[in-house]
Amino acid sequence: MSMTPVEIPIIPKIRKNAILTFLSRGTRVDERSFDSPREINIKTDLIPNANGSSYVELGKTKVLAGIKVEPGTPFPDTPQEGNLIVSVEFLPHASPVFEPGPPDERAVELARIIDRSLRDVRAIDLSKMVITPGRKVWNIFIDIYVVDYDGNMIDASSIATMLALLTAKIPKVSTTETGEIIISEEKSENIPVKKKVVTATIAKITDENTGNKYYIADPSLEEEMIADTLVTIAFSEDGLITGMQKSGLSSIHSDDIPKILNMSRKLAEKYLAKINEYITLKTSTTPSI
Amino acid sequence: MSMTPVEIPIIPKIRKNAILTFLSRGTRVDERSFDSPREINIKTDLIPNANGSSYVELGKTKVLAGIKVEPGTPFPDTPQEGNLIVSVEFLPHASPVFEPGPPDERAVELARIIDRSLRDVRAIDLSKMVITPGRKVWNIFIDIYVVDYDGNMIDASSIATMLALLTAKIPKVSTTETGEIIISEEKSENIPVKKKVVTATIAKITDENTGNKYYIADPSLEEEMIADTLVTIAFSEDGLITGMQKSGLSSIHSDDIPKILNMSRKLAEKYLAKINEYITLKTSTTPSI
Amino acid sequence: MSMTPVEIPIIPKIRKNAILTFLSRGTRVDERSFDSPREINIKTDLIPNANGSSYVELGKTKVLAGIKVEPGTPFPDTPQEGNLIVSVEFLPHASPVFEPGPPDERAVELARIIDRSLRDVRAIDLSKMVITPGRKVWNIFIDIYVVDYDGNMIDASSIATMLALLTAKIPKVSTTETGEIIISEEKSENIPVKKKVVTATIAKITDENTGNKYYIADPSLEEEMIADTLVTIAFSEDGLITGMQKSGLSSIHSDDIPKILNMSRKLAEKYLAKINEYITLKTSTTPSI
Amino acid sequence: MGILKPGIKLFTDEGLRIDGRRPDQLRPIKIEVGVLKNADGSAYVEYGNTKILAAVYGPRDPGARHILLPNRATLRCRYHMAPFSTHERKSPAPSRREIELSKVIREALEPAVIVEAFPRTVIDIFIEVLNADGGTRTAGVTAASLALADAGIPMRDLVAGVAVGKVQGILVLDENEQEDMYGEADLPVAAMPTLREITLLQLNGVLTEEEFYKALELAWQGINQIYKLQKEALKKRYAGAEEEE
Amino acid sequence: MGILKPGIKLFTDEGLRIDGRRPDQLRPIKIEVGVLKNADGSAYVEYGNTKILAAVYGPRDPGARHILLPNRATLRCRYHMAPFSTHERKSPAPSRREIELSKVIREALEPAVIVEAFPRTVIDIFIEVLNADGGTRTAGVTAASLALADAGIPMRDLVAGVAVGKVQGILVLDENEQEDMYGEADLPVAAMPTLREITLLQLNGVLTEEEFYKALELAWQGINQIYKLQKEALKKRYAGAEEEE
Amino acid sequence: MGILKPGIKLFTDEGLRIDGRRPDQLRPIKIEVGVLKNADGSAYVEYGNTKILAAVYGPRDPGARHILLPNRATLRCRYHMAPFSTHERKSPAPSRREIELSKVIREALEPAVIVEAFPRTVIDIFIEVLNADGGTRTAGVTAASLALADAGIPMRDLVAGVAVGKVQGILVLDENEQEDMYGEADLPVAAMPTLREITLLQLNGVLTEEEFYKALELAWQGINQIYKLQKEALKKRYAGAEEEE
């Protein structure tokens, strides 16, 4: 059963008022503009036992994504494709309200948002992740670890996922003349990422006294605690909408949709620029074989 | 662990006294005689995705039974037989005391009572539910949903099960000249029901003041709440006893067994008559192929 | 999550003082010397459906061990070996603080201590437990039931395990001339126990008033309740150390290690002597075939 | 979704859909309110062959005190599919999809319920998919909002939901399962129609911005029609003209 | 049950059973009371190779207050089979069969325990099948009722149980597992013998009405014999003649 | 452990190990304290490629009252491996090994924490293995004890841990996974170095008594070195010279 959250950490009234006051003046308590994300820091390749890994700080929110690529069996309805399996764990390290145990509904929802953002737009060419057609394919396990929670886990997870995918290495598979399959010892192949995709999350904050509504990009934890609704929209680098999710206890007025869509598109572009910057730098500094 | 029920909805004392007063006069608070079941309403074929389905109202108790027939593997000790798997879910819709989650002991018991009533008397000819002997057989999944709980779930479930079985359609299996097995696209075959079977439940109510014991057929919820013991007996249409279960917190005096057995046999006959009436009507109004 | 135990049965202060007073005089409240185990009683072969079984009383601690040997699949990394699977259940019968349900951390730890004590020293020659190399091997399931808990479950379990292994009978496997594998109907083969192994547990009791530390062998339940630390050391009959585990809420001073090691070695020798005595007696009284 | 099978034809030459509908046409919709005896509120809803039974218990006092909130009611919601509701039998254990949809549906109903009216209570919402043929979450929201109303729980507005699909390049209202399976996008939407507040919005699949706005407009058309049917069903129930099923 | 194997012969030409018994004969029965140190009450029972260990804790105060009843004790009962008790190793997780039998056995004991004597307490009954050779539920009831008595819990009467089988057309008392497996019916019965009150009654398999009455009569014969053995075992325990095992 | 593969060579002709270390040499050790924002205390520790993130919350008031102790804090500890931390992906559900190690690590920390200072509270210790290359439990203890210190919880001493292996007959300090896998014994040890009190002691594998004493001595050498690094990391953290990672 899904239940109205009852264990939300409470924000002091004075802090809440400060946030609202800043918003009423057109800026934010951490001096960001409404449409600016927090600072982004990136590391990759930090987990030797993973095929790919990334560590992303979005402000003080910290996410670690690890990818394992292992031989598996195709699903009956997609015999010619590899499998993508996305899981999310809220580490108990990350927040006083996270408890160890099986993923709760928020973690399940987050995993499914990331999964959907990638799947139908075919961000990964799963048809290239086949070892023996119909029999053996690659399972791509993406495990997302929220390590420190300071708001907007979705976008931090999405960025980390994309970076882990872009930097992952998997074994080369080749076929001998006699048709035998050889999986190379060495990991040298990239995962075939055809399109970069990121989610971009906009929060709605309503000032109960004035009735004013504010839409802000990449909410921090204290902004999330005041926000009544989040809208997450996923975009591919060629501008398509590849997913959408409204969450939270309130609703969105139909007339506000275009504003949210524009804000989230711009936010996604910033995230994508950051990803591209990191990958370009990494590629240029890594000697090619 | 099985535990004395502690969450039974409580019946008002005045109502309890009313029920006992009626019983002492030889009738029941809803004007039934001791051996009469409540009104029975039946619908079938309401779940397009199921192979068979039925909806039974026994008074205000409502049960939905759905049957799925799917290819499976035979059990090692019955390689020449299909499998019968009966499950019961008490929908949380059905009662303020039902909670969502895995089946509790009452649901497990109910499923096993229905299963046993059918199995040893070979109500279904499982030897006809074989696709490839020893390798592939039909799994018959009977899922019983208690939708509204107003007493005597067992009999309502048993009647619904029988009706779903009698109206289910499964694919025809044929063998080509070269021995290849062909499962037809179209569902046209019946499940081979050899004997109709129903359970019939008698409740024992003891008046603590007078010490009088009353045995009544098809108890309603408020009667069940006063009853200390239920005896459920299953009968096949040819009069054999095909199962039996005493439940509840009290016991049955040895001398009262014949009375209970006679009452339940008559009750089963009424249920069977109702099932036959429905099936006959349905068959006569459905154009044959 | 592992948690500081909060449901420990409490020992009366007066009894605690009695135990400490005895210790300060160099003896124990049950008149044992510091290095003596309690009386040991042994039965075997009491579970007809098991391949081997033993019942051990170590003082009033009672443990039943049952062994089932069944065909299984080898693990990929040990294709030429049978499998050993040790499980422990604290029967709710055994103590007011044991609850039915999946094994708690103490039961898991106990099972793993027993398993480790046997595994690396190759107490059982698992390479002889193969039916078809790489394909089919014997699974040896050791299920240890703690039936009555009066302290030192580890050693009682270890002794019971060894006795069940030594008395177990498994089917003979033979190969026909055509290479076919035949598993005999009759159980006549022994499990290939190459070395007897037992654990020996020493408890540390600290008198908070005097600061005195006492090390005692085979603690009873009331001694365990006062003890702050247990050290269990496993020995093979040829004197090797085959496992070690410190448990409990406190620590062991480095200088005390030799004392503990010597005490546990002597204790293990006593256990092994008891096992040998039982087995010798049994073998001499059982007519050979 | 997205499994393109070249042979499958989802439109006739006249532009009608496999079940004969125009692209902007809803399936036959059946709504009954107050179908159960024990529940405080209940509703049965069909969108074509998608069949939903919703029940509400509450506001009530649950066993567990720690889930109560001092200033509002706690909503609990379960979306569940019957084992026989799907093409292949579904395990009754809740899937990840059911866990997510229980949350999404709860959050689609939260904005409508006047939760401040019942502090320190729980309102339980149970949605059972009896037969699944596409659009189960939106039909579930439609049914649950009626069950809430039937339970006498005050609401800002009813919530009505419908999905819009993109199928072989064409936007279609209230797609069925086959359209969903072979389509390119599924946009489920639920809203409080009078307030024009969107309470559920998801997109599974790929749309251009232009397509998205058109799809949202189409969803509004459907929602408004369904809203009318919801109100009729409530009227019928409370006019006393009909006994419960 | 019901797997008829033509080759299997379950009676000798003299009409004796595979283990040499007459049809109306019990297996050798062994009963010991008070076999455990920690439990408030305990008993060990053998019906032939069916071996049961039962323990009782209570009346006691459980951690959880919400399961207490104001006017009586709450009974909790677990019937469980040891992994090594069966022909193929049984997973220790409770099966559906064990869940049902825990309930059936609890309800076989509830009528005997004077639960009114201990309001707001719990009585825990643990039944472990150490070796299974047919009749485990009835032997479990027999053992548990002795463990309750050993715990000093006041009872209306002891409860004794036994099963009657129909095997190749013949009614047999206290059937073993092989007879059960190849038999046509199994009728486990438990009762308070002095009161002639039946507390457990199940039928698995098929009987005519006539057969049922005969089988019930045969069960009573067995129950009365077992009842005598129960009383002897209690006497032996409390005569102090025997130390605990 | 113990899978002897004849072809595998774990020492060079010069007696160096596969990663170039001498037998008595630790791997490069990296320690950072205070790496997380939300946790009350945290630490990140690397022993070569073994990478651990530890966090501490508390002393705090848990939801559940029944786990509180009147005279001391209740410690809770979870040792868990990330799915991507191992050669083959690990299921996130806790394994029996993780259950045991959570207990063993808790009991390695209990003696150091001055639990009497915080009656009726809980201290939660979370240890996550991000990458596993041998010695995860001892590195976990080292990290957790720093996270406790970082949370300001008073301790008798820090706890430092390291494992000693016996590999092809040679005792080696701080063995990596490959050495562990092909070695004959693994002796993880943790201690409060100043007090010379051993708080964790396990042996997996086979040692003679003489080997055991030598191995324990070698462990002490490693523990003392790690202890020095722990104190430096704490100093660096509280000198304020470094911002959190």
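By written order: A, B, C, D, E and F. Residues from 1 in each chain.
Going forward, contacts are C-beta pairs under 8 Å (C-beta built on N, C-alpha and C of every residue); 3 or more make two chains touch, one makes a residue touch a chain.
This one's a predicted model, so the numbers in the text were calculated from it and none came from an experiment.
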Give the chains in contact with both chain E and chain F, ordered by label. C
What chain is the most remote from chain E, judged by the mean position of CA atoms in each chain? A
Any idea whether A-D or C-E has more C-beta pairs in contact? A-D
Compute the centre of every chain as the mean of its C-alpha atoms, then state which one is farthest from the centre of chain F. B
Quick check: how many Å separate the C-alpha centres of chain C and chain F? 27
So, what's the distance in Å between the C-alpha centres of chain F and chain D? 51
Where chain A and chain F are represented by their mean Cα positions, the distance between them in whole Å: 31
Approximate Å spacing (C-alpha centroids) for the pair chain B, chain F: 58
Could you pull out the residues of chain A that touch at least 2 other chains? 1, 100
For chain F, which residues are shared contacts with two or more other chains? 66, 78, 124
Can I get the ring sequence of chains, opening with chain B and turning toward chain E? B, E, C, F, A, D
Complex interface listing, chain A residues touching chain F: 46-50, 53, 60, 62, 64, 66-68, 70, 87, 89, 91-96, 100, 102, 141, 143, 145, 147-150
Complex interface listing, chain B residues touching chain E: 1-4, 6, 77-78, 105-106, 108-109, 111-112, 116, 119-122, 231, 233, 236, 239-255, 257-258, 261, 265
Within the complex, chain A is touched by chain F residues 36-39, 42, 49, 51, 53-55, 57, 60, 78, 80, 82-89, 92-93, 124, 126, 128, 130-133
For chain E, which residues count as touching chain B in their complex? 1-3, 66-69, 72-78, 96-97, 99-100, 102-107, 110-111, 115, 124, 184-185, 187, 191-192, 195-209, 212-213, 216, 220
